[in-house]
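Read through the structures below before going on.
Both complexes below contain chain A, partnered by chain B and then by chain C.
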Partner chain A sequence: MKRQKNFTYWLLGSFLLLCLGSIFTLISGETPWEKVWEGFILHLQGKSNLWNPLLDERIPRLIVLICTGASLALSGAVMQSMFHNPLASPSVLGISSGGCLSVILIFIFDLRYTYPYALPLAAFAGCFVTLCLVYSLSRLQEGKCLTNLILTGIAISTLLIAVQGLLLYALRDRWQLIQTITEWEAGSTIDRSWQHVHMQLPLTLVGLWGCWLYREELNILALGEEEAANLGVNVQRVRWRLFLCISLLTGGALAAVGMIAFFGLVLPHIVRRLQGPDHLILIPLCMVAGAAVLTFFDVCLRFFEWHDVSIGNLSAIIGGSFFLFLLFRPHKNLAYSP
Partner chain B sequence: MGNKMQAQDAKKQTPSYNLLSPRYLLSSTWLPYLLFSGFILGWWVLAFQTPLSAPLSFRETSQTLALKTSALLKELSPLQRDALQHALSGNFPLMLEFIDQWDHDAQLLADQGVPNIQRLSAESYLQAHILGHLLHNNSQEILRPLNCKMNLEWVQDDSGRQVRIEDTFHRFLPQTYIAASFLLAIAQPDEIIGLPKGLRQLSQLYPPDVLSKVSVDIDRIHSEKLYLNCPDLAFVAPYSHPPVLEVLRNQNIQLYSLKYINAVSEIQEALLKVGHASNHILEAQLLAIFMEACFFSIDNRLQALEEKSDRSKTARRLIYLSQRQHYAQPTTKCLTGQLMVRALKFCPHLSALIPESEDDWRIPFEHEQILHAAPDYLIISTPYADSVVRVDDALLQTKAFKSGHIFYIDESVQESPTQYIALAYFDLFQALAATHCL
Partner chain C sequence: MSFDIHDLTYCIDSHPLIQEISLSFHSGILYGILGPNGSGKSTLLKTMSGIWKPTKGRIIWQGADLSQFSRIAMSQTLSLVPQNPPLYFDFDVYSMVTMGRYAHGCRTPEARHRVEDSLRRVDAWQLRDQLLSQLSGGERQRIYIARALATEAPILLLDEPTSYLDLRHQLEIWHLLRLLVTEGKLVIVAVHDLLAAQRFCDQLVVLNRGRCQTSGTYADIITPDLLQEVFGVIHDTNSGDFKLAKR
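The block that comes next holds the complex of A and B.
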């Protein structure tokens, strides 16, 4: 009961933060608000089809931020539950690296303008193949499955980063390409448009819905795969579909914003510690809190005009510090059982 | 016991499927895949059926650079980009021809009463002529001893190290683009051992027939290759890889370090240093004078255009942007920003802000900022290698685009800290001059 009450408070608090961040994102900008609003109304009335800052830049940016925050937080939460591991997240298990490598190939072959959906498709495929590979390889080994999973993730991630490094080294003289990739890898929300929304939103909607539909199975899976199978859960199918959902969420975020490291690790971890492992609570709270925090990061960057810092950098710095804290904290009791 | 209890609790939560519930969908083997992939693909088909942004071919957009701005100043000598580029690549007779023409133009403008006309000093003009005739009328065998006579025995490189320049130096290893670009213009191809690989990508700047005469790429040079080629001097930079420097030192190859180029004046300085170190000071001096004359000539043309223009008009807004993942505005820290500041001094009819910064080379400039600034003219530098230029929806709304006042220029020229900076200034001049007639 107390947890339910806390959940309401946390959900409302996150929602409030998201609202504040959204309002700031929507109203702040170079163009005077009156002019923005006037153009917006004219557009809605069908009297103008001119580019409008609110309609064509701020709203798409907000949607991308919300989708990315919710996607990464939720994919991290689902992975931590599925693998019973507090360190599981898209970046730690190398999923982001897989997606990143595929996206880099799209940049190298210059397909993003000719086939705009190539970017999210490649990101999704990269994430999915990497996830399946990490999971399959970790199952092949004997011993502690959880340790195997993390170590396999790190190994695959290192391998993928090495391939990425090899490609970038081979193409180091194409410095415009290198600069483009560097900018994309840093994760940026500058000049997000409806194109980015279209790339990400369908993937995110399917991914979020899929995770939400499997919330009960996730609770049961926390008991262990054998127990879940005894209780009537088709473990193989659920796991496979959740893998797809995680890849859709991570791939969509990668395609629209770029690399946002550690976000999927930190936020679900905090939410889980605050609210426990029940996915009925965890999933909506992760979604709202993820969206709120990422929007807040973006607001900070814009408000303080930190041109040299990208949202990916900020998230990685905060997330990396938290990762260290997790490793060296004095008490390691975690809420990973229902 | 605890596990059993948990299992019983969980059993209560075991999903029960209802035909009307979305969970029924999940119980199906293939339906969810078909439905969701159909949803995603359908979305993308609808969203991306129209082009994302209007593609324009670079050739089409770069037509602006071929504008006949010389028609605006009919009394002056024509200034063509190709000829200028040819001269900068080391055509000394053409350099001399240009210097003559520009001096004549300066005289003409001064006679017409155009203020602040700049021209080479009498000493530089005379020096250019002597050098030009020397280089044109003598073979390398005669020039070599002359060059050696002009050289100092010891020079200090940019890292403060004393380097002994021998008369016998005739094999050079340019590790940096800057040194390679200078050497291609002032030295003979057989004197250059290798070129940075990326230089070959800039075919719009360096003629492939010249590059093909130097077959080796520097990144393919390892210690044994170095040993076989025996360079006398290597031009390195503060960012050179230390192990490579170590290999060079181990083979007793002299190192000459060139610093970062932060200003246009430093390019000429670096050119003269490379000229000294490579025993090609005569050629380097002429090229340096030519660059100075070129800047003066462009300044004079801008000044003359301003004198001729209608001054009653209100200042029109111009923005310079570089286009990559997103748009960015160059600051005064980068060469393009400095060139813009220099050119804009002669263009009071334009209001353009180049942000001052000591830290940032470029500052991101979002679509909204472009629209808010409502520029009358836009100069956009974009990679030449891109076969098409993307025009975003926001850009389409600008007055500059609607009225065709958008100028695309080659980014690699703008950011080249070599003698081709004069060509970069010419590209800017073309765009700025066009603001007088468009």
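The block that comes next holds the complex of A and C.
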């Protein structure tokens, strides 16, 4: 009951932070707000078809930020519950690396201009195949699935990063391609357009809806496989469907923004410590808090004008440091310990 | 109502943990499964509950083969109370018992009523807001039993429910199981304690090296020869003491 009361405060707090971040994202920029607003009104009245920063840059950017924050936080939360491992996340298990490699192949074969939707589809497929591979390999040794999962993820991730490195080294003369890939890998929200929204939003909505549908199963899966089967959950079927949802969420975020490391690990971890493991609370709170925190990161970058730091870099630095802090601080009254 | 197992075998890497066990259980009876460590008690319970798929054999409930049941139907028929399961995430008591209603629907008014009833039956309603990590071993065991009750399954399988419990909590659990049996449930308990088996179980099954050695009432089957053969102890009938037998 206490958790439910706190949930309302945390949800409202996160929502408030999201609203503030959204307002800043919409009104701040090089073009003065008065001009932006004037152009926006003219556009609404059908008197102007000129490019408008609010309509064509800031709103798509905000939608992409919200989708990415919610997607990464929720996919991390789902993975941690499903594998009952607080270290599980798309980046730690190598899923992001799989999606990343697929996207790099799309860049290399120049398919993104001819088939713009090849990018999210490739990211989704890369994430899904890698997730299945990591999970299947970790289950080879009976009874050691959980121990093996993180190690298998790290091994597969290292291999995939090595393949990426190999490809990029082989193509080092194509400097424009290398620059595009480097920018994309750093995770950036600059110059996001409606095309990015179209690439990401459908995947995100389906992924979020799927995770919400399985909230009760996720609670039970968090008890362990045998307990879940004992209580009536068809573990294999639910797991494969959740794999699809995670891949949709991670693939969508990769396609629209690029690599955002540690976000899917740390944020659900914090939310679970604050509010406990019940997915009825965890899912909405992770979505809103994830969207709020990523928007806040973006606002910080723009407010302090850190042009050489991408949102992916900032997330990795803050997330990594915070995770170290969580690991080494004394454990008191924690819902669970890593 | 009868629950039968025929030729039940479960192997890991072709190594049988239980072999060709055939038994018949009936509602309203408390069955105890006895056997030394590694004799296959937990394996038998997990295989009977359908959590582990049997390598060979059939499990029949009221004439229907359990292998044809969906996971949900299986959970509505049997509920296993595990022995000290790992706690990966710290749920509160109410949420944990509510999970027992998954097969029927967790968020209905009926579910809330059943959860409350189950918690009251194990005398744990006052613990509903506590986290599982804050409970003692005995309290936690009662919560797992409450969860099993919330499933409304007519068959309850309990894996050493009184291990790690003090005497008072052991007695509480046994009295609760006796009460469930009088209400018509079929209760099968893996048990180590011979005295508890004698006092509380109506029928016993003795497992040895994965096979069913014998079954029947305590008075009929627990003989000095059986104790020596299965458990490796000699029972001094005069003093009531147990001594180690030479192997």
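As a working rule, the second predicted complex is superposed on the first by the 320 of 338 C-alpha atoms of A that agree within 3 Å, B and C clash if a C-alpha of one lies under 4 Å from a C-alpha of the other, contacts with A are read in each partner's own complex, and residues count from 1 in each chain.
Basically, a contact is a pair of C-beta atoms (placed from the backbone, for glycine too) under 8 Å apart; a residue touches a chain by one contact, two chains touch by 3 or more.
These numbers were taken from a predicted model, which means no experiment stands behind them.
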Touching partner for A:Leu20 - first (chain B), second (chain C), both, neither: neither
Which of chain B and chain C A:Val309 touches, first, second, both or neither: neither
Which superposed partner A:Gly276 touches (first chain B, second chain C, both, neither): second
Partner chain in contact with A:Val129 - chain B first, chain C second, else both or neither: neither
Most chain A residues touched (candidates chain B, chain C): B
Partner chain in contact with A:His84 - chain B first, chain C second, else both or neither: second
First (chain B), second (chain C), both or neither touched by A:Leu223: both
Partner chain in contact with A:Ile190 - chain B first, chain C second, else both or neither: first
Touched partner set for A:Trp175, first chain B, second chain C, both or neither: first
Partner chain in contact with A:Asp56 - chain B first, chain C second, else both or neither: first
Chain B and chain C contact sites that coincide on chain A, given as residue numbers: 216-217, 219-220, 223, 227, 230-233
Chain A partner contacts - residues on chain B that touch it in the complex: 3, 6-7, 10-11, 13-15, 22-23, 26, 29, 32, 36, 39-40, 43-44, 47-48, 52-53, 55, 196-198, 201, 324-327, 359-360, 363-364, 366-369, 371-373, 383, 385-386, 388, 390, 392-394, 396-397, 411
Of all residues in chain A, those that touch chain C in their complex: 1-3, 81, 84-85, 142, 216-217, 219-220, 222-224, 226-227, 229-235, 272, 276-278, 335-336
Chain A-facing residues of chain C, complex: 12-13, 46, 49-51, 70-72, 74-76, 79-80, 82, 85-92, 95, 99-100, 102-103, 106, 129, 131, 133, 147, 151
Chain A residues within the chain B interface of the complex: 29-31, 50-51, 53, 56-58, 113, 116-117, 172-176, 179-180, 183-184, 188, 190-191, 193-195, 198, 201-203, 205-206, 210, 213-214, 216-217, 219-220, 223, 227, 230-233, 237, 241, 307-308, 337-338
